[in-house]
């Protein structure tokens, strides 16, 4: 008798939980579509990276980085006092905007024609470029010095593959995150790490690596970081551009650059920075 | 389908999976046999060492073991399984350390499979052998071990099948095997997701199912009727 | 352990020989440990700076406890869903309808043959591409989906072998008092089979818990991922991975112990006509003992099922 009750109980519980799980997944998609636009009220949802020191980092309960500083400034200029930061991994940035889960994205988001098919961009607010991060005592001065060297790369990132295509003698070590590469470059087990110079500078400035890593300073691509927003929202785009202009003019932009990239000894390319914003469309 | 084969080096990914599986299986069989001998042998300290190994290893995730092999043993303690100066040192070290990780993990299960084979032999068998006058070595050779090996086929087969599937974990340390191909393919051709999945799943079904049927058949044919 | 099958009770000479082997063996193991220790020491792995983060509350709060919580969250969700999946398809495989039986069988066999990681990567890609969930949920959803499909299939096999493992008389008795085959299954066979399965279910938890670590590959912040994040923040790879391994081992030991307790209890109290099905082998693969049991006659299967528990007891 008791056995049967246990059996029935387990059956009923699993069934109930299974149904509950199905129901909750529906809620998830529904809430994604029904969020308000940036124009409502004084709250705004901004997508940033959570794992990019110097740009967008969520650590020990606090947000920090250049993207975060710019985002906060723009939000304030838009009159939004209640900012919610939402993690925006590279692959999901278009989806986050399209489904209204975020209003703006400040997440090392390069302006490209391909992305313009799906989202609109304000900005750019910074011009970065692909560069190399090496140990302080390394004699590598540019990508041409990498032949026969070991380069750390991240799964499905094209930046390391581009280098390998031009210099076939390069060996690639694949990891799922950049952070795994750092220790190995410091110890000399691997020779270099490649991606945007801003990201590299952020890593080099981390307390654990201060003084042990340097950014080579010879960029071999141009990445114009824009503010992603809903496609065709010209009004919002223009407001953001005005805020960005004001940030540069007031000197707040330079302050944010110095605070976030300064400690790494990273020199901002003043020929391209601060950039002029593009026209909104 | 052809598009996929043109765009990605699928055959070398499949080949890498088979390579990993073959050498890991070989190594795990050897190490597992050594462990099994330690565990069932008469020396107490080896029993305990073998038991400790099995209990620690099989409660640890394979992903952690494989990651530890490359990040800790290779990159921290600087143990090279391929010359550091060779032009393929990263690839070679990755593959070889993945094999080491797979061996370490699956040896624990091979050991248990062999032990369970020994456990299928009823004590009465040994007693009967002894009572008809066979010596210790003779009773092992003619009565106990033949039955034990037959009893171990089914559990060993399940370890082998698990091992083949587990080679995908080598992707955690950047080995360019089937899971790596799949991740790349899904990244660059998300429009072909289902086809990519069915291709990869089909590869594993093709690899494991005939093996499973074959070995189950074998174990039933070889099974000792009791 | 049936060492008695392999060895005679040792005489005085054999005992002396064993002692010599034991001492040499012991020394050999000590030398091995010392070598490992020396290599670690030479690399500065015992330095205070590499271990001091573990005395810091922040390390636990933002890295390890968060990782443990995410691991348990994914494992718990997967186990609940896998049980529902397993019951549906396990009962499906017992159905008298050929089509249902065949479809259930095909689904179960397919998901058991495909590596969990492959399913995880696939669902991660599909969820992200088709915007099935809010972006931040994708890794969790992919981990849980993959674990559910694989372990659900394993549980389906457990359900089937649990029912097959019962004495034939149970079903015959049900039919002879006028119950339909469905009623017999529901009221007589399944309740007993479930009780018999409980230990195997608990030990399947060990498999699920270990497999959550695969989530690290699709950036799910479970324990292994968090340990690696900690390692890059504090540059203490070896200590961080060792601590993570210790946590996994501790949790899994607890589960294994629980399974053994349950098994002993069920066998002692005899709530089911069959014996408790042993803890499934914790290797994430086909639990051949159970699958094999289902192919045999009920009597043999019973013997096998009872036996499976013993062979896995360490």
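We just call them A, B and C in the order they show up, numbering each chain from 1.
By our rule, contacts are C-beta pairs under 8 Å (C-beta built on N, C-alpha and C of every residue); 3 or more make two chains touch, one makes a residue touch a chain.
Heads up on the chains, UniProt names are A = Putative Glutamate-binding protein (GluB); B = Putative Glutamate transport system permease protein gluC; C = Putative Glutamate transport system permease protein gluD.
In this text, all values refer to a predicted model and were calculated from it rather than measured experimentally.
A.B. asks: What's the chain with its C-alpha centre farthest out from chain C?
C.D. replies: The most remote chain is A.
A.B. asks: More C-beta contacts across A-B or across A-C?
C.D. replies: The greater number of contacts lies at A-C.
A.B. asks: Distance from the CA centroid of chain B to that of chain C, rounded to the nearest Å?
C.D. replies: Centre-to-centre distance between chain B and chain C: 17 Å.
A.B. asks: How big is the gap, in whole Å, between where the Cα atoms of chain A centre and where those of chain B centre?
C.D. replies: Their C-alpha centroids are separated by 40 Å.
A.B. asks: Taking each chain's centre as the mean position of its Cα atoms, how many Å separate chain A from chain C?
C.D. replies: Comparing mean C-alpha positions, chain C is 37 Å from chain A.
A.B. asks: Got the chain B residues that touch at least 2 other chains?
C.D. replies: Chain B, residues with two or more chain partners: 71, 75, 78, 172, 183, 187.
A.B. asks: Please output the residue numbers of chain C that touch at least 2 other chains, ranges allowed.
C.D. replies: In chain C, the residues touching two or more other chains are 216-217, 228, 231, 237.
A.B. asks: Multi-chain contacts only, two chains or more: what residues does chain A have there?
C.D. replies: As it turns out, chain A has residues touching two or more other chains at 91, 176, 180, 183.
A.B. asks: Please output the residues of chain B touching chain C within their complex, sorted ascending.
C.D. replies: Residues 40, 42-46, 49, 51, 54-56, 58-64, 67-68, 71-72, 75-78, 106, 109, 112, 115-116, 118-123, 125-126, 136, 140, 144, 154-155, 157-159, 161-163, 165-166, 168-169, 171-172, 178-179, 182-183, 186-187, 190, 193, 196-197, 200-201, 204-205, 208-209, 212, 216, 219-220.
A.B. asks: Contact residues on chain B for chain A in the complex?
C.D. replies: Residue positions touching the partner: 71, 75, 78, 87-91, 94, 172, 174, 176, 180, 183-184, 187-188.
A.B. asks: Which chain A residues qualify as touching chain C in the complex?
C.D. replies: Its residues touching chain C are 2-4, 6-8, 10-11, 14-15, 17-18, 21, 25, 28-29, 31-32, 59-61, 86-89, 91-92, 95-96, 98-99, 101, 176-177, 179-180, 182-183, 186, 206, 208.
A.B. asks: Can you list the chain C residues touching chain B in their complex?
C.D. replies: My answer: residues 1-8, 10, 14, 18, 21-22, 25-26, 29, 39-40, 43, 45, 109-110, 113-118, 121-122, 125-126, 129, 206, 210-214, 216-217, 224, 228, 231, 237-238, 241, 244-245, 248-249, 252-253, 256, 281-289, 291-292, 295, 307, 310-312, 314.
A.B. asks: Sort out for me which residues of chain A touch chain B in the complex.
C.D. replies: Per the touch definition, chain A meets chain B at residues 91, 148, 150, 155-156, 169, 171-176, 180, 183-184, 187, 189.
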